[in-house]
């Protein structure tokens, strides 16, 4: 037993020493590619994005592309382990699904092209100041943003709910994306003349109670693309609908669960857009000059809740199917 | 894609580096869990505090050494709070740790500028270690680990350190020997969380960002490292080891844990099952010594502990 | 040297388990008194020792040691003035630490503990000599972990630790009760040796009436949280176990019936 351990320990040390010197990259022949996908957590939206990504790339490259899919199960430290593995496998491209995954990938390599998706704001995620931001990162990172134009989301309030004055913004304080969106939407709503208050919860245990406070103090709510609410929209619905409070959401799935409308993007489409960028990069495009892309938007409404709350929906909206 | 040994080998340095950094966290946990016999849940919070303080100071233009020192100080304060909750307010150890951990969530958010996550890019700042350069990361974290082991070896041989060990071993006897156990508990908690926060600061630099939830589950990984380290050490010697070696094996345990993770990923284990896999590994590590001592087979070498002459 | 004045302690007041353990007890010890304490279970013997040691605060009354009022001091502060040996051999020492580490801890009782090394070379020599005077073979095993020692060895060690710095009062709480007769005798011998050598004031609780008579210069009997009988000197030396039983029946109105007390 003792000998076995000593031998293993020595081998590990030896290999690590060797590995530090070597680059560990394999020479792939030019026509097969390996793409590593690092997804932060199991989640419907993120899963859809990954699926769209794979479908788009497979449509373009067929058998020539293989994927290594890894999921960090919500652990940001595991993202680092996964990206370390991708680098050592010598993948041709890394797809990072969510902000911590993107940051771990950025730390892991400065050479391998990285495409982010389901990330709302790249300058914030990568610590690039707004002053320096030109639409592309200038380093080995690009990707797609799930940010629906926030000002347009704010415009939905006067369109759908002409009588409200106080708007509450509900989101999880642990999510950087949500904080960012809340900032921008609050500005836009204030510019439209509404009074705005924020209601945050630390984790899913507090959703119900915070929603109740929000409903008590507001005429209507806004929920950004918040992963925690996206995971438990029924909790929000069970408080808001009986209270008669309409919610405009940052994303279709959330609206389907608890809101009246959303300026929606489909995460599947977002993933596909990312896949198309990947195909361009694997064909030789330079990732550092590629601008962050967004998916097309659609105005959607939730027929059932609109009926329950007595909201009239103007033209230009599509029902959530 | 085919599984090749070469890719496991090239993943090793990263696993080693991450293992040593978490091993440092486990060193801090060792002080409370093994020496003081105090189950301290503060670490999930203080780990993130260390990361948050380090990153915000680096982003604020301060030199990285100062950022790391500040992280340690923040961790010491976290430990102090838990210690005072327990000694002055009489709150049970586990609860005191949980309360501090919960409070730290909000405090960490404030430190991060009310954002959940802050990036610190190795391209823009001088960091002590980074995922980008695993070789340097191993060296730097190894140096920190060695320095800490040396410090603890010295500290627990001092009068104060001896008093802390006695407190953990037998609080009643300690009181009878004039040791103020309230003070020793607070000191031990402060030092322990200082080290945990330090490791959080190192981890934040390594992974390139600090996240308010980066400490979640830290206590599980720390305990796993300690226990796996002890199981491995027993393979080398059955007698109790000198203190410095025990500390060294805590680091070894951290490395072993991340090596196992690396192998699991390399084998393309379904990643949804990674946490189950972790639980199984830790359970196995815990069970092995119990199963051994229960076996009724013949031929044990000595009578084991407790064999003594009767005077 | 030691003065207890009207000390009262009730456990679990106001509940069904309420028990008045010390009932306005008065006790005075002169310097150098070696007092043995006997009584039935629940008489308050160990409670009195714990009250002096400060394990918990007393309800009323005062305790003073060498003229100093100690009833408001916390346990670890009083420890500087006291030496204690407990009934359970596990309680008096730290099992995972070495013999010399335990002795070094005792040597620093009442002193400020800083960052100096836990032991000096001079101390090691001193401990070796002290241990050899016990005659238990421990002087060669200074670095052995205390958990490996037998019960008798641990009690002897605890005794040594309690008297390393000459305490104002030595509290012995049935410290031979968990040992076999031969070892118990040995430990009592060592106790006598140390007490007389350092001229210590000591309180020894015991269930063994023979030991209570044979050791010490004074004997008190307790019942219901009070002292009911107190004798010293020649009168004490000439006591027999039967006489003690009678005395108890007289003062307490009941029989002092306990196998341990009778069979010694």
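Order as written gives the chain letters A, B and C; numbering starts at 1 within each chain.
Note that in this section contacts are C-beta pairs under 8 Å (C-beta built on N, C-alpha and C of every residue); 3 or more make two chains touch, one makes a residue touch a chain.
Keep in mind the model is a prediction, meaning the values are calculated, not measured.
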Furthest chain, CA centroid comparison against chain B: C
Identity of the most central chain, Cα criterion: B
Whole-Å separation of chain centres (CA-atom averages), chain B against chain C: 42
Interchain centroid distance [CA atoms averaged], chain A/chain C, Å: 70
Whole-Å gap between the CA centroids of chain A and chain B: 31
In the complex with chain C, residue positions of chain B that touch it: 155, 157-163, 165-166, 169-170, 172-181, 240, 305-311
Residues of chain C touching chain B in the complex: 53, 75-77, 79-80, 82, 84, 90-97, 101, 104-106, 108-111, 113-118, 136-138, 145, 147-150, 152-153, 156, 161, 183, 186
Residues of chain A defined as touching chain B within the complex: 1-2, 4-6, 9, 12, 15-16, 18-20, 22-24, 26, 34, 42, 66, 68-85, 87-90, 99-100, 103-104, 106-110, 124-127, 139, 173-176, 179, 202
Chain A-facing residues of chain B, complex: 1, 4, 6-16, 18, 59, 105-106, 109, 114-124, 130-132, 134-135, 138, 203, 206-209, 211-214, 216-217, 232, 235-236, 252, 255, 258-259, 261-262, 265-266, 268, 271-272, 274-275
